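Two complexes come next, and they have one chain in common, chain A, joined by chain B in the first and chain C in the second.
Here is the complex of A and B:
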């Protein structure tokens, strides 16, 4: 049985990158508990539009929890309080009638605010461009058994590949470090034979790109793995460190 | 050597330096605690330990030089990381809640570190860099801990050191890449144990001295 709840939103408003920004309070009335968090924001925006006010800008795309586009801080938690969930998959049944929600954009020096809750996460793309790929000549697909991959290894690579690049790890990290993201992207390739030929160069250049983007440094607080909507483990960060040390101190790559 | 400084200068390299020097200091704490425990054997045993340490001569100087180098690396890298990490989020959150990762120990690392630095300098001038011609180490320590203020101060500071070790120990393994389902439960448990041993092992000594001597 669906019911409706009334909420108060304390929400970050910022007209543009240069604007100072401020918190505004908006009511969210008659919210069905079957709605997702983003649908609740849609309802608030419809009301704002009717009142001839500027709607709240927020990012969203698939609304199925797989694209990594959405995400804001809700009461101090990236993607809200529910474990292993993106904001679009957080439903209003997890909130109580009369709740006050503080909604802020993801904050990091590497994530400049574009408008309201929308931040520029292209720093993550620059890290991928630095090495988050393998180089293969196109042509016929090779025979599948040429490169045997043990099942458990394939599973671990898939666990790392579950990263949707939403950037919540950076937002939740007390140091705004991107280590969980970078480690997932390095790990998914480092675990498979296809990724080994470029593993050393990848580890060096992706860490270099990460540092150049102005992310913080990992202090092993583990906030990232607890917040990650795909529950990616910091075991991947240990693997990135191993890959980096091998590449920096043993390999011939610079 | 360009590649070497570039590797150590990266975010992962700076963590590596923190981990290696940190582990070395945990080794030092273990040796220091083992030495201090001779105080349970009485005045002669403790003074004997101190004399033995002094008789090492050049080896002791070499060891001290190593400790100072490691301390410089650990403290300067740590402070630099602290500054970089604060700079990485220039606009803070109005509300920032934990998802269950941070611990009291992990969130206070830079602060406990600074407190430990100040304490170590004080401690060196208190017991190490003093003229011991007219007295023995035992008499000096016994005199100090007959003042309740020193007992309280040292006991409180050992809790701070224990907190720092509690996060630092497992953190060093994680940084070195030793995070594996087979070993991590042991390392995590050992980290809590190491913190407790440091806090209790060192922290109870002033009280024992005050009560016994």
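Here is the complex of A and C:
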């Protein structure tokens, strides 16, 4: 059953990358527990607009957990406290009347703040550009059933491919490492026969790009796996490490 | 203006081959002399950008989101069709073609649809080679499932995340070209105008959504892949940033708008639950493979579904359409759900819902099988509603989902402006008055991977281009207009928010131009929209400035365009005095309440030409000639 709750929001406001930023407190009144977290922010923003204040900038698009656009820290947790959930899928029935919520942007050296809760995650695209693909031009492909893929391998590739590129893993890692994100892509392609020919080069160059973009190293805190809304497993990181060392070894031999 | 669809001569199966042979070629060394602007990075835009760059063209690609991977295509769930006939159940290119033409209620162009079916198989090959993890059988070969409007299994899928996986495939191809320097990527940009010089599309004007700067980008051709306009209804299954701005601005520069009233209402979405609601969530059509749709037989029955015995349930789709059952096309399923609710048999708090029940499938196949097929959809449902669909039936209701209408294009996918191409959901080409499930992904990728790379070459090789720099007066004038509009929006400083207006517009559209339309309703809606638009420009409040990241300003521009476009949609609905597919006018129905077409008078595509502010647009008609299929009353019984 839906009911109505009242909350206090402590929200990070920052005008741009140059601004120092600060917390602002806003009430969120008469929030239906059937609302999503983002709908709650919409309600606050409508109010701010009518009060002649600037609404809170936050990102979103699909609002159903698939595009990876949304995401903030809520009480210190990326995408909030609920397991396997993006911020847009978090509903207000998981909060209690009178709660105070601290809402901040994802923070990492590789994510400069654009405004309020909006950060620049383009570094993740640059990491993909370094090798997160199979080099096949349009028209080059052989018939789709030429290479069979054992079902369980295909399923594991799909588990890894489910990453939505939201970048929460980085925000929750004490080292701001992007290892979970990188490993998901490397694993997906390494598990499929189509991706094997480039597996070594891919692992090396994506890890290099990750370092160059200012992401940190992985030291096994496992925070990423806990907060990942798609529950990407750190088994993928182990697989990335294997591919990486294999690749490094081969490239030394050559 | 004369509409020329440029359909190649010859028998249907040979048209595309013959046309490719007749198109002029750009020699490899010359390709680098051409700059192509692609707007949008969904399936259509990402696949087009990558493929054109691979050929050697210089491509500049734009999108609204922070990353091209986030385009709305990412949200597609159920699957993508192809005529591979792997299940050996009788599929063929011809059958996919026929099903698509019939599903579209005979309002699409035969030649385009046939080509779509022809290239469908290459798409699957291409995606598999990119590493798209499609579902597989135990033997390691690709698996298929069925979708609405077809009696066989031709849908390829990656769990309930097919769009995501296909888009990530196209995105990775795009990223590879960005790395190679052949594509320059411009994310966080919104195209606000098309620049036409000497009758040719030569560039765009876009707003940098971070700095607020109005930028000019010139090229030899412009390819719009900007998606559909379902958000004119405010509540829809589309992502929040989906808009009509790019195509509507092109319309104002001379591109005809095709069949704007052909909108699709999807039968299986999570029902509306409050006025604050910001969007609706689709529950993939693939669920209708195993879920059974029903309502209580007695109006007003408030019992829990588990307390309603079998004999008191009406599985209305199975009853009315024994051969297609729960897998009738979307327009038919939606209208039937509405009909049940109108009779007072709707369920849930609002009475605007029907059950989609998996208990039989769970009994038959076991929970594990159902979980494997639909796990993420069930989870999504539970997150939103707080109810467990394994234990109790889902409640669903139709919602705005897709737009078959879009900019009119010829066989080459070129609009009525030379050098302006339109791909994917943004064009009107292949789905007629109703799109079949799993065919939008197919069309977006067909257009981007396998059509535009050929047809654009024919245009570039056969055209003369004056040298154009971005200080040309057409650019300067356009920038000035765009800037003035931004200033005007900010200057109103009224008392209602943008969302407030958008919501009201959406209600008018849903009430009068939704699943069932009447001439009176449409006329009323037109007047309301005009009033609302006038009020918008008097009373909207857009906070902030135009010089930085301002989401209210972005939304305001889009809603302003929706306000104008909505009227065009209504005009088209009024002009089409028949029912067909998703366009259902109450006055034209068969005795069994199915859409009654009027082939004698309306067997055409409508193409609307802008004639100036405050003037009614002019309707042009492209007659649809069916040489290969016989027009019949659609029957899914």
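The working rule: the second predicted complex is superposed on the first by the 247 of 254 C-alpha atoms of A that agree within 3 Å, B and C clash if a C-alpha of one lies under 4 Å from a C-alpha of the other, contacts with A are read in each partner's own complex, and residues count from 1 in each chain.
Here, a residue touches a chain if its C-beta (ideal position, glycine included) is under 8 Å from a C-beta of that chain, and two chains touch if they have at least 3 such contacts.
Predicted, not measured: the structure shown is a model, and the values here were computed from it.
A.B. asks: Who does A:122 touch here: chain B (first), chain C (second), both, or neither?
C.D. replies: After superposing on A, A:122 lies in contact with chain C but is clear of chain B.
A.B. asks: Applying the document's definition of touch, where does A:210 land relative to chain B and chain C: first, second, both, or neither?
C.D. replies: A:210 sits against chain B, while chain C stays out of touch.
A.B. asks: After superposition on the shared chain, which partner residues are touched by A:189: those of chain B (first), chain C (second), both, or neither?
C.D. replies: A:189: touches chain C, not chain B.
A.B. asks: If you tally the residues of chain A touched by each partner, is the higher count for chain B or for chain C?
C.D. replies: Of the two chains, more chain A residues are contacted by C.
A.B. asks: Looking at the overlay, does A:66 come into contact with chain B only (first), chain C only (second), both, or neither?
C.D. replies: The second partner, chain C, only.
A.B. asks: Just checking: does A:197 make contact with chain B only, chain C only, both, or neither of them? Give me first, second, both or neither.
C.D. replies: In the superposition, A:197 touches no partner, neither chain B nor chain C.
A.B. asks: Please work out whether A:27 is in contact with chain B alone, chain C alone, both, or neither, and reply first, second, both or neither.
C.D. replies: It touches nothing on chain B or chain C.
A.B. asks: Can you list the residues of chain A that meet both chain B and chain C?
C.D. replies: After superposing on chain A, no chain A residue contacts both chain B and chain C.
A.B. asks: If we count contacts the way the header does, which residues on chain C are in touch with chain A in the complex?
C.D. replies: 47, 50-51, 54, 65-70, 72, 74-75, 84, 86, 121-122, 124-131, 133-142, 158-159, 161, 164-165, 168, 171-173, 175-176, 178-179, 185, 187, 210, 239-241, 273-274, 276-279, 281-282, 379-380, 383-384, 386, 449-450, 453, 495, 497, 499-500, 541, 543-544, 548-549, 551-552
A.B. asks: Taking the touch rule as given, give the residues of chain A at its contact with chain B in the complex, in rising order.
C.D. replies: Those in contact with chain B are residues 10, 23, 73, 75-78, 81, 83, 102, 104, 107-110, 172, 174-177, 179, 207-208, 210-211, 214-227, 234-235, 237-242, 244-245, 248-249, 254.
A.B. asks: Give every residue of chain B touching chain A within the complex, in rising order.
C.D. replies: Residues of chain B touching chain A: 3, 6-7, 10-16, 81, 84-85, 87-102, 106-107, 109, 167, 170-171, 174-181.
A.B. asks: For the complex, give me every residue of chain A touching chain C.
C.D. replies: Chain A residues touching chain C: 2, 15-16, 32, 34-36, 38-39, 42-43, 46, 48-50, 52-55, 57, 59-69, 84-85, 89, 91, 93, 114-115, 118, 120-122, 124-125, 128-130, 132-145, 147-151, 154-155, 157-158, 161-162, 164-165, 188-189, 192, 194-195.
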